[in-house]
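Input: structures, listed below.
There are two complexes below, and they share subunit A, which is joined by subunit B in the first and by subunit C in the second.
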Partner chain A sequence: MIDFGFGLSRSSSVKLDEVDLGLYHKLEALEPGVRVCMSCGSCTSTCTAGPWSGMSVRKLILNLQRGKDVEKMLSCCMLCGKCTMVCPRGINTRHLILSLCRIYGKKQ
Partner chain B sequence: MKERFAIGFDPFVLPFLVGMVFVLGYCLFGLFRILWQLPREDRRKFLLSLITPATALKNIWDIFCNCLLHVKLWKRNKMLGFMHSSIAFGWFMLILLGHLEVFIYCPERVHLFYYPIFFNYFVANNESTIGGAVLFFLMDFFLLLVLSGIALAMIKRVRSRLFGMRRTTRPSMLDRIGLYSLWAIFPLRLLAESFTAHISGGSFLTIPANWVFRQFLGNDLNLLPTWWAYSIALGIFMVVLPFTRYMHIPAEMMLIPMRNAGLRIRHPRKGFAKMQVLSCPGCGVCIDACPMSVQKVNIKDCTVYLNRQIRRGNEKRIEEISDKCLLCGKCEAVCQVGVEGPKMRVAQRSVRRYGLTPDFAAIDTAPLVQAAAAQVSKAAAGPKVLYFSGCMTRLTPSIGKAVTSLLGKAGVEFTWMDREEGLCCGRPLLTAGRIDAALALIRKNQEIILGSGASVLLVSCPICYKIFTERYSLPGVRVVNYADFFAELLEQGRLKLEKSDICYVYHDPCELGRGCGIYETPRKLIGQAAGIAEAEKNRAESICCGGSLGSLTLDFAHREVMTRKALDNLYGSRADAIATACPLCLSTFRRYSDRPVRDLAEVLDASTVSSFQP
Partner chain C sequence: MEKIAIIGGGIAGMEAARRLLQLGHEPVIVEKSDHLGGHVAGWYKLFPDMMSARELVEQLAAGLDGVTVYYRTRVANMNRLGSGYSVMLSNGVNLQCGAVLISTGFRLFDASRKEEYGYGVYDHVVTNSDLEAWLGGAPDYRIPDNPASVAFVHCVGSRDLKAGNPQCSKVCCMTAIKQAIEMKEKFPQADIWCFYMDLRLFGKKYEDFYIAAQRDHGIHFVRGRVSEVSEDIDGRVVLKAEDTLAGTPVKLSADLLVLMSGMLCNEDTQSLARMVRADVDSDGFMRSRDNIYRINESNRPGIFFAGACTGTKTVPETVGEARAAALDIHNYLSGND
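Entry: the complex of A and B
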C-alpha cells in the first residue's frame, strides 16, 4: 500500500518479505505446536498475567509471526499453565513460553 | 588352633587385595570430593551432626536397619526384603565373624586386610573346641543365609514377577559383570572352605561337602585353585563396584548421615544430589510407581534412569528426563534409599540459562492491598479470614462457590483476595526452575497478604498451599488448608452435616498428600458428609491425575492415558462419584471421567443441613 503521509492512523501493514522471522522459526523447531494455533483466544481469556501486562499467548504468537517484539509480554508470564489447560488445539503453551525465553536474544 | 603358614601370605590373596585397596581409595576420594562440593554451611552442619550424640546414634541405627536389615524393603515386599537382607546382613556377619576369629586366635595378624577373609586357608582350627565349634557353626550358617539370598536373586533375574515386580531396570554391561561376580563369590567361598575343611575344620555345611568332594577328588590339588577363584571373584566385584549400581552399598552409608544432618539439594550434580545419585541401587521400584510408565515410551524417564544418565553424563537425556517429569513425588515415596527424584529435577531445571527473565516489578499491588485491607477491616471481631482460591480455581469456579457458600453457612466473615484479579502463588515458576522469578512473585503476594491485615489465610488449592507453607514468610498470619479449616468449623458446631447416600472415592492430590502430608482430614470430612470408599492405590501411593504442572514437555495425548489409568484405579472402588481436593485434579478428571467428580468443598456444601445462627 502506498503511504501518502497524511493518514489519520499509522499504517499497520506488515511486509512479510522484510520482517525477521528468525525467532519464530527457531521456536518452531523447539515447539512445533506453535504452528497449529488458530488464534481462538482461550489462552488470553484465562491468563493470570493478562490484566497486569497485556500478556496473551494468542497475541504473542501473532506478533512472532509478524516479526514484532514480544519481550514485554513474555516477561510478565507467571507460567501458571491455565492457557495450556484450555487450549483446544492442545498446544503446550508453557513449553512454548519457556522455549522462547530460552532462545530469546541469543544469536545463532 | 595353629597357623598353617609362618609367612602368613599366599599369592592368591593379591586379586582381593588389589580390589580392596582400589575400592577403598575410590570411595575415600569420592567422599572428600563430595564434602568439598557441599556449601560451607552445609559441610559444617554435616560434620557437626556426626559428633552430636543424638544424630550419631540415629545414624548408626538407620544404617543398621536400612543398609543391613533392609527394614523398609521388608515392609514393602517380604521376598525382596529377605533376599536383600540375607545377602547384606549375612555378608556383614561373615566379615565381622572373620575379624573376630582373627582377634581371638591370631591377634598379631590383625593388620592384614585379607586374613579375616581367607582365615580358613591360613589357620587350621578344630571344631572340637567349643569356641571353634560355635564360630564355625555361625560362619556356615551365615554363608547358607547369603547363598539362599543369591539363589533368590538368580530366580528374580529370570522371573521378576514372582517377586511382585512388573518391570525392572535393564542392567548395563558393567552391572552384569558386577552381578555375576557377586553371584560367584559365595558359591566359590563354599567350595574353597569345603575343600579345606578336613585341614582347617568346618561345620554342618562345609564338612559334609568336604566328605562328598573327597570321595571322588582324593587329593588336595584343587584346594588352591578354588581359593584363587574366590579371591578373583572378590577382586573383580570390588574393581567394578564404583562403576556399577553396587556403588549404592558404600554411598548409602554416607547418604543416611547426610540426610539426618538435614542437608538439601542445592546443585543438581554436586554434593548431596551426587550422593543420592550414587546411592540409587537401580532396583526399579520407581518404574512401576511412576504414572508415566503406563506408556512404554516413557519408561526410560523414571528416576532410576535419571540417576543412570547423570552417572554417564548424558546431558541430552538428563534434560529430557528432567523436563518430562510430573513431579508427583511417587518415586520419592516408594524409594528405598530416599532418592529425591522431583527435587533433583527441579534443581536441574534451575541451572538452565534463559535469554529472558520474567520481571514483575511493573505490577502495582497497591490497589489490591487497599481493596483487601478495606474489606478485612470491615469484618467483625474474631479471626480476620482472607481466602485465596488460587488461579487454577478460575477454571473450576464451582470450588470457589462452594467454599464461599460453606463459609457463609458457618457465619465466617471473610475477604476473597483474588476474586477479581490476583497473582499466581509462584509455585508453577518454582517447579519450572525459575526460582528468582518465583521469589519475586512471592514477595508481591506477601505485600498483599500482610498489607491486608488478615490473621488467617485460607487456601483451597493444595498447589498454592504447599508454597505458602514452605516458602512464604507471613508473620502473624496462620496459613490453613480448607480441609483443616472446615474440620475445625465442624468441631465447633458451626457446620452441621447430614450423610447423603452417595458413595465417594477420595483421590489424594499429589500436592496435598505427598506434598503436604494431609491424608486423613479430607477422608474424615467426606466420611461425615457421604459414604466413602478407598481405591486400591491410595494415600502416599495415589496415582497422579496426569494434569500436573510439574511436567514441561508432556503433551495432551500422553497425559490422557495417565488420567485414564488414574481413573481406572478410582473406578475399582465401585464408588458412585469421585471426590478430590485440588482444582487441577478436578478439571483433569472431569474431562475424561464417566462419573461425577466433585471437590471436597462441593461435597460438604451439598450435605450441610443447618446454617449458623449467632
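Entry: the complex of A and C
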C-alpha cells in the first residue's frame, strides 16, 4: 500500500510484535502465576466493585499482556480478595494487584 | 487355557472379556457393584449418534456367555506368582491368572465440593449424571415441570486447581450440548444457556452438534465461568458470570441449573497400583508406559489397562482400547510381544 503520509483515522489494529511488554514482564517477575490466567472471568464476575467501577482482574491481566496501561483500574479495587477465592488457576489475584501497585509506585 | 482377571466390569472390562473369550482365553470379571456396564449403564443416550446406552450395555453383555462374573466383589490382594499373578478376591475366591486387566474406570466429581454452586443446598441444582438418570425415566423432584430457563455450567471440578483437578474431562462439553438439545426438545419454550470457558468438541461429528445446537435449537452460549450461584425467594437459581467476550458481568435467573461434573481418577487406583507395584500418574489415574503407543501397558509385566482408568475417555476410545488390550494380552500370553 502506498503511504500518503496522512490518514483519516488511525487504525485500531495492534501490532503484536511491536508492543512494549515492559510492565507485564516486571509483573511476571514478581507474580509468575499471572502467566496461567485462562481468561475465564470468574474474578470479574465475583468482584463487588466490578459492575460499578469496571474493575476486572481478567481485563487487567489481558491489557498488560497486550502492552496497555492499567493504572486507572488499580484505584477501583477494594482489596477484598474475593477474586482470589474463585480463581480456578489458583492465581493470588489480590497479591498481584498489590505487586502492580508497587510497580506503579503507589500506596494502597 | 489361562485365566485373565478383569478388574472392573464397565464397558472396557466387558468388551475386553468378550474379545479374550473369542481369542480362546478364560476371562473372569471382578465387579465391585451389582451390575455390569459401569457409568454407561446410568446414561440415557450416547453422543454423537444418540445411541441408547442401555442397548450398548445389553449388546456387550450378550457376548459374555461363559464368562464368570463376580459381583459385589473386590480384589483383596494380588501377588506375582511364577509368570502370572495370584489374585485373592474379597469373596474368598483365589484366581491364578496369566495376566490382569485393570479396567476400573473413573469417579465422577462430587459437585457438592464446589460449594459456590449450591449442589445439595439449593432446590433446583442437579449434575450431568442426575440429568441422564432423569432423561432415562427416573423421577427427580429438583427438575421443574415447565422450566422457563435452564442453565448448564461447564468444567465443574475439571480444569480447577483448587479442586485438585487440572485436567479437562473431555466429554462434558459434548454432554452439555447433548443435554441442552434434549432439554430444548422436552421444553421448546425454555431458554437454554451454556456457560463455558472453552468449547472442546474434538471428535467426529462433535462440531455438528454445536452447529445444530445454535442453528436448530437456539441454545445460548456465554463464554465465562460461573463464579457463584445463589437462590432467590421464588427458589430460582441466580448465576453470576462474566460474559468475557462482551467484557461485562452478567446475571441469570434460571429454573434449573445443571452442573457438568468432571471425570476423576477412580478412588481405588492407589491401592490397586500398590498391590502390583504399578505406577500412578501425576493426575491420579493409572500411568501407561506412554500416552501415545503403549496406553494399554503398565510398567509391570502382565498388567494391562483399558478405558477410563488411565484418563478421561469417550465410549469409542474406551471400547477401542479394550480391544487393543485383549490383543496385547493374547500376544503376551502367546509369547509374541
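Side notes on the structure shown:
Throughout what follows, the second predicted complex is superposed on the first by the 92 of 108 C-alpha atoms of A that agree within 3 Å, B and C clash if a C-alpha of one lies under 4 Å from a C-alpha of the other, contacts with A are read in each partner's own complex, and residues count from 1 in each chain.
Criterion: a contact is a pair of C-beta atoms (placed from the backbone, for glycine too) under 8 Å apart; a residue touches a chain by one contact, two chains touch by 3 or more.
Computed from a predicted structure; not experimentally measured.
Clash-free side-by-side placement of subunit B and subunit C is the outcome of superposition onto subunit A.
When the two complexes are overlaid on their common chain A, residue A:90 makes contact with subunit B and with subunit C alike. When the two structures are aligned on the shared chain, A:14 is found in touch with neither subunit B nor subunit C.
When both complexes are overlaid on chain A, the residue A:29 reaches neither subunit B nor subunit C.
Residue contacts after overlaying the shared chain place A:79 against subunit B, while subunit C stays out of touching range. One geometric descriptor of the composite model is the angle centred on subunit A: between the Cα centres of subunit B and subunit C it reads 90 degrees, in steps of 10. By the document's definition of touching, of the two partners only subunit C reaches A:41; subunit B does not. Once the two complexes are laid over each other on the shared chain, residue contacts for A:56 go to subunit C alone; subunit B is not touched. In the superposed model, A:102 lies in contact with subunit B only, and not with subunit C. Between subunit B and subunit C, the partner in contact with more residues of subunit A is B. After superposing the two complexes on chain A, the shortest C-alpha to C-alpha distance between subunit B and subunit C comes to 6 Å.
On subunit A, the surface patch touched by subunit B in one complex and by subunit C in the other comprises residues 46, 51, 86, 90.
Interface residues of subunit C, counted against subunit A in their complex, comprise 116, 155, 159-163, 197-198, 223-228, 240-244, 247, 249-250.
Listed in rising order, the residues of subunit A touching subunit B in the complex are 33, 46, 48-49, 51-53, 71, 74-82, 85-86, 90, 92, 94-95, 98, 100-106. Interface of subunit B with subunit A (complex): residues 352-360, 362-363, 391-392, 394-395, 421-424, 426, 428-429, 432, 434, 441, 547, 549, 552-557, 587. Of all residues in subunit A, those touching subunit C in their complex are 38-47, 50-51, 56, 58-59, 86-90.
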